[in-house]
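See below for the structure under consideration.
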Amino acid sequence: MPEARQFGQTGAASIDFSAGLRITVLALLVVGSIVLAPLLLDTYTTNILIRAFFVAIAAITVDIVWGYCGTLTFGQSAFFGIGVYALAIIFTEYGFGSWQALLGIATAIIAAATVAALTGWLSFYPGSTPLYASIVSLVVPIVLVQILYSGGTFTGSSSGLVGFESFDLEVENWFRLAGLSLAAVATIALIIMRSDTGRLLKALRDNDERCTYLGVDTSRYRIIVLVLTAIVASLAGFGYAAFGGVAAPENASFTFGTRLIIMVALGGRGTIVGAIVGALGIEVASAYLSGSLPYVWELIIGIALIAVILAFPDGLVGAARQLTRGMRPPGRSTTIMLRPIETAAIGGTESGTAIEVKGVGKHFGSLSVLDGVEFTAKRSELLSLVGPNGAGKTTLIRCLSDGRERSAGFVAIGGHAIERLSPNRVVQFGLGRKFQAASIFEALTVAECLRVARTYRARPSLIATSTMLDLPPAAISVVERSGLSERLGEEARHLSHGLKQALELAMVLSLEPEVLLLDEPTAGLTRAERQAFADILTSLTARDRLCILLVEHDLDFVREISSRIIVLHQGRIALDGSVNEVVNSALVREIYTGQQSTTSEAMP
Amino acid sequence: MTSRAFIASLAFMAATGSALAADPIRIGVPVGLSGANSVVAPSVVQSAELAVEEINAKGGVLGRPLALDVADDGSGAAGAQKAFDALVFQKKVNVLISMETSAARNAGLPIVARGKTPFIYTSFYEGKSCSPYLYVNAWVPEQQVPPIVDYFNKEKKASKYFLIGSDYAFGRGMLAFTKAYIEKTGGKVLGEEYLPMDGSDWTSIISKLKASGADAIITSTAGGAPNVTLTKQLRAAGVSLPYGNLAVDEGTAKSMGADAADIYISASYVTGIDSAANKAFLAAMGKKFGADLKTPNDLSVPEYEGVYAYKAAVEKAGGTDPQKVLAALSEVAVDGPRGTIKMDKQRHAPLTMYLGQVQADGSVKVIQSFSNVDPGAQCPPKS
Amino acid sequence: MTDALQVDRLSSGYGTSEVISDVSFKLSTSEVLAVVGKNGMGKTSLLKAVLGFLPAWQGSVKFAGKDVTRMPPHLKRRLGLIYVPQEHALFQDLTIRDNLRLGLLSDGGFETALEQVGQWFPVLTQRLQQRAGTLSGGEQKMLIVARALMAKPAVLLLDEVTEGLQPSLVDRLSDVLTRFRQQIGTSMIVIEQHLPFALGIADRYLVFKRGEIVDSAPVDREAAQRIEAHMRI
Amino acid sequence: MLTIALDAITTAALLFIISSGLLIVFGVMKIINFAHAAFVTVGAYAALVGARLALPWVLILPLAFATGAACGALTETTIVRRLYRRPLDAILATWGLGTVIGQVITLIFGREVQFVQAPITGTAYFLGIDYSAYRIAMIAAAIIVAVVFTGLLNGTRLGLSTRAVIMNEMLAQGLGVDSARVRLVTFAIGSGLAALSGALITPLSSVDPNMGLPWLISAFMLVMVSGGSLLTLAVSSLVLGGLQVVVSTFVNPILGGLTIAICAAVVLRIRPEGFARA
């Protein structure tokens, strides 16, 4: 077991302790007030709050899907409605009883999950856009409501279902039940969203492409999230109907879906707390205001929404946080231990073919960007890809890392043909791609970015924010050399350009790749940074026996570190040879300077 | 403008309330100030205000004044739950008297039951809504449909009908009954088509109608927009068959102008009823509201009578005790603009129905009247 | 006389990375300045910063003595500062005619300008209704240049116009530009990989390296060697 | 059969007229304007006011367009302009604006359903059948809208600048096109079109504060499927609108009401660029 190295402020432990204390106290307060409140509140307020609690649960699910995963969804109302009708229909058809109740809950869960899975499959696929997902989420409640309307006496059509016998609880206990469920859901949501998994979801929202190239099947994650939130929303609906004793189409309507979004937007997206604040606020306020001034109320809501979107996109909670920022202790100050892991022992002598490319072409209609590109590269080779703008270098990189890109030819990574596989699958053959413009997760800390990068090797925890950061030695060395190790707790967006590049490299290396694709990694780096970068690359090939394919304009840099150079010109390989062959070739000078090769002998 | 008128009325209530010393009997009126019913709601509120004013002027009920609490139910379930909660548990009203959508009414029933508050429902509806707390003094299909169908059968020699409705409980409920009744009376239904409640393009349905060779149409759409769009598009498509409309009220007909001409309606109230009570009522309404007057109609008049029915029941019961009042409600009879009304048929009321024809100027001419049409078995006692 | 263009201590970049560091130079009226240096050295970024597509972090840009550092690009164009980008310089789906129309600020005087174009590059005016995307690489370059010239700019910024052109076209381009300059007196900044072309039309050159000017001198017989030294692989 | 064909074409015409405004906005700024429905309503009320003032239809339509355009211009400068980088938030903000406009209309005109008499009434004898004259007129209207705006887009300097901005904003700016102004004008025109369509449908429908809403989803879907050009919009309107009529006629109108939404979603799933040629 290699020793663990510790970074970040010590004494963080004590902060943890006090935080733990704060949370326990808070929890006790919440539970206590929920249990006692109904004794103080009048029946009216109690009833209002009970409904508000159930609605708030639905709002939380919207916050998770939209605030955390970045899909603006109008559809959660549909799942809420499914819960409502599951109860209403079953109690109406079979009467009230314990087995009916269980059947109801089961139906609510299964129906919601099924619809959600279907919706998810429709909304999320490699290359789907957030806008498209919103469109689908818009269609779901509309279709559902239409079904309810035409459902005759079975669904009660527009009048909904009423008069079925339901759980006979005292209002006070309904309040406690609803309140505690809300508290529970909120707590679980907060825990998960702050856990390593939660970070992953934020990563999806911030940079789906990067996640895909880290071997994460983003669509799958999004679908899972949708199904889980759908189930929760459906259960909320179940409770709502159980208390209200009514099922109405508007419980499932697109209007209600929009109302949920507005609640989250006003309260503050991506905070869970915001969803609760928004939901309770709007529900209670509307109960007291809308009765007496119906139109003005809608007007207020509309104006408030516009104002919040324009002025504070993070909603009330977000605004509040900005105000109190000064007073609160500096955020995320947990200790993080970097711990090197045993990398899958790379065969000492074996020198397998890492990249194999046969007759690869890429055409847009008649125009062909790549044509008949063919080469192979071995482990511990550093192969540079040079050529003027528009020669097709980046296109070639894309064709190597995404099976769906090339229009012709064969590509194998680490001996596996990549067929038509999406990047996240190709990555699992041992490929790591670093983009030209540093592609990281701006909103996450350095440590979180690295942890997300490990996702497909080490499934992230649902509950914990682990303080151990297990990375392959290669990644650790980059982190340490670049000085990132001193700033693990910092948000990536604050890093310098150079450090961002280093971070992305470290993230890619965390995949333990055998093949590394680098697209102009030194663009915009300082001289010193470039040197550091060169050293890292050389040791990666020498020590970790990686095969590196480097796209680079800076020929000085290329000459310095390459073991071999491929010159790409107008989509074809113009030259493939050792550094000296290429550097002294007339052809290259011509391509680069448009100059006839007359002066080439004058070269030293 | 709705909400202003409404706030004014509150102020007014406060005034009359303080006029009499004893603590008032509170009447809750949950109604669709916003949403689908918001067009007709103001007229309902107005007639409630008149009834309360008249009663208070005569010394109230058992010496106690009446006070109105109006709340917006948004014409839907969610809004209704809030409105009923507010009235029953916050305002602690003694009774609910209101005209609402079926969705709103249904949403209210559980709350009414929990609050053990009598509820007089004053809107015509598709029928079969039963709760020990619920009384209905407006018509149900059994009362409204036969006049039109019988008239078309006899006078128009119609036998092939085409039914068009909005896809919601009332629309489907009414047409289901109509279909059964037509077939019972030897007619045929060639088509029965529905459009979503918010649908406004009836083209394909109208084309089907024209292709069907029907010789009469009966429609039951949602009030307001769908009703109007359907009528306009029927006219635009040159449909001039006998046209019975189960959902149009006098006011809408008036504002629709020429397009509404020759529509047949069947109602328990039309302004043209030639009775002393009705004339007095209209005069009082005109005097009280002047320019702001919303045309009294088949939805607002029952509200007015509902208040009187409650007054009678309280006086019979000798107090506002819910159970006693509920018992009394089925026994008291009230004389109003629609004649004498007694909710003694399974908490529903036999009514005099009027078959009217909309004239070119939008007024409704009464063609025939059918007295004391029985609501039939709406809530047969469970055996 | 005031300089056509005066760039003073200009710094700029993308996000957090600085690609133009403290650059200063002058371009006097009807002067042609060649900016040379290898790819990825920030030459294009320099032009973008001058035009305002990249925000100026520090420093100033003066056009005919007027400070235009913060002026949005479309207004600079209206002052007569015209940019010929290296990539995506054409509206592929528009006709040649429409591409040319966009060269002028209004359709007034388009026809006369068109005749001019006809003299420079007859091939274009023969195929006005054709989609620009259907032209060959060389013809597209001509179109781009023609579109810039027909507006008779005061200052013209050319980014790699010779890229991918066969020698004959390069020569054609160079004497069109030279003649044009004589007629109109336009000042130009020419970014080039193609040294002979650049030095052929330029009075002065700048060598650009990692966002900085490392050498600047008038074009003379030794210019090529000196630049070689900087460009040497 | 012929009736169904006419139903399909006239329905497509209506859908096209109503969606075109949304499309123009989406095409240029990639923003979904959820206030579109509200602008349709505004147009209808403009027509109502015009009719009350006994203006002839040749004046009512321009009035509606102008009103809508004015609202649009105001919206772009105060709200949309700040949200170009946050398209999803733009959806929300414009949705909020929609409710605001709806409520303001309610406060001014009240909830009542109102009416505008049709300039063309009754039926026309057309290809051997009696058919609603006004709906047939709508076909003409749709063609005029299409022609005028295609002309505007392809024939005028403004159109040229607009297309330039759509294709390559940076290059356009470099050529002196003020893209901010182009966006403003486009949004105004789009909103104007919405209002115009509102005025055009009033004779077929009622005028009430929410009249625009039922059209929004269909319009939105059609725009998504058409992917940004008036031509493809016409195609999508014909295909999906036609499908709607067919389903309404042979299955039932309720399913018909869902046809557009569902088909659009499926089409986009299979072919993300919709009917636009890639």
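Note that the chains take the letters A, B, C and D in the order they are written out, and that residue 1 is the start of every chain.
Here is the rule we go by: contacts are C-beta pairs under 8 Å (C-beta built on N, C-alpha and C of every residue); 3 or more make two chains touch, one makes a residue touch a chain.
Note that the coordinates shown come from a computational prediction; the quantities given were computed from them, not determined experimentally.
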Nearest-to-centre chain - CA centroid comparison: D
Greatest separation from subunit A - chain, by CA centre: B
Rounded Å distance between subunit A and subunit B, as computed from the means of their C-alpha atoms: 54
Cα-centroid distance, subunit B relative to subunit C, in whole angstrom: 78
Cα-centroid distance, subunit C relative to subunit D, in whole angstrom: 43
Length of the line joining the C-alpha centres of subunit B and subunit D, rounded to whole Å: 37
Of all residues in subunit C, the ones touching two or more other chains: none
Residue numbers of subunit D (touch at least two other chains): 107, 254, 257
Sites on subunit B at which at least two other chains make contact: 2, 34, 38, 167, 194, 196
Touch relationships between chains, expressed as pairs: A-B, A-C, A-D, B-D, C-D
Of all residues in subunit A, those that touch subunit B in their complex: 42-44, 47-48, 51, 146, 149-150, 152, 156-163, 244-246, 248-251, 256, 286-287, 290-296, 298
Interface residues, subunit B side, partner subunit A - complex: 2-3, 7, 33-34, 38, 71-72, 74, 76-79, 81-83, 85-86, 89-90, 101-103, 105-107, 109-111, 130-131, 167-170, 172, 194, 196-197
Contact set on subunit C toward subunit D in their complex: 51, 53, 72-74, 77-78, 82-83, 85, 88-94, 98, 101-103, 105-107, 147
Contact set on subunit B toward subunit D in their complex: 1-2, 34, 38-39, 167, 193-196, 198-201, 203-205, 207-208, 210-211, 224-225, 228-229, 232-233, 235-238, 252, 255-257
Subunit D to subunit B touching residues, read off their complex: 3-4, 7, 10-11, 14, 107, 110-115, 117-118, 121-123, 130-135, 203-206, 208, 210-211, 213-214, 245, 248-249, 252-254, 256-257
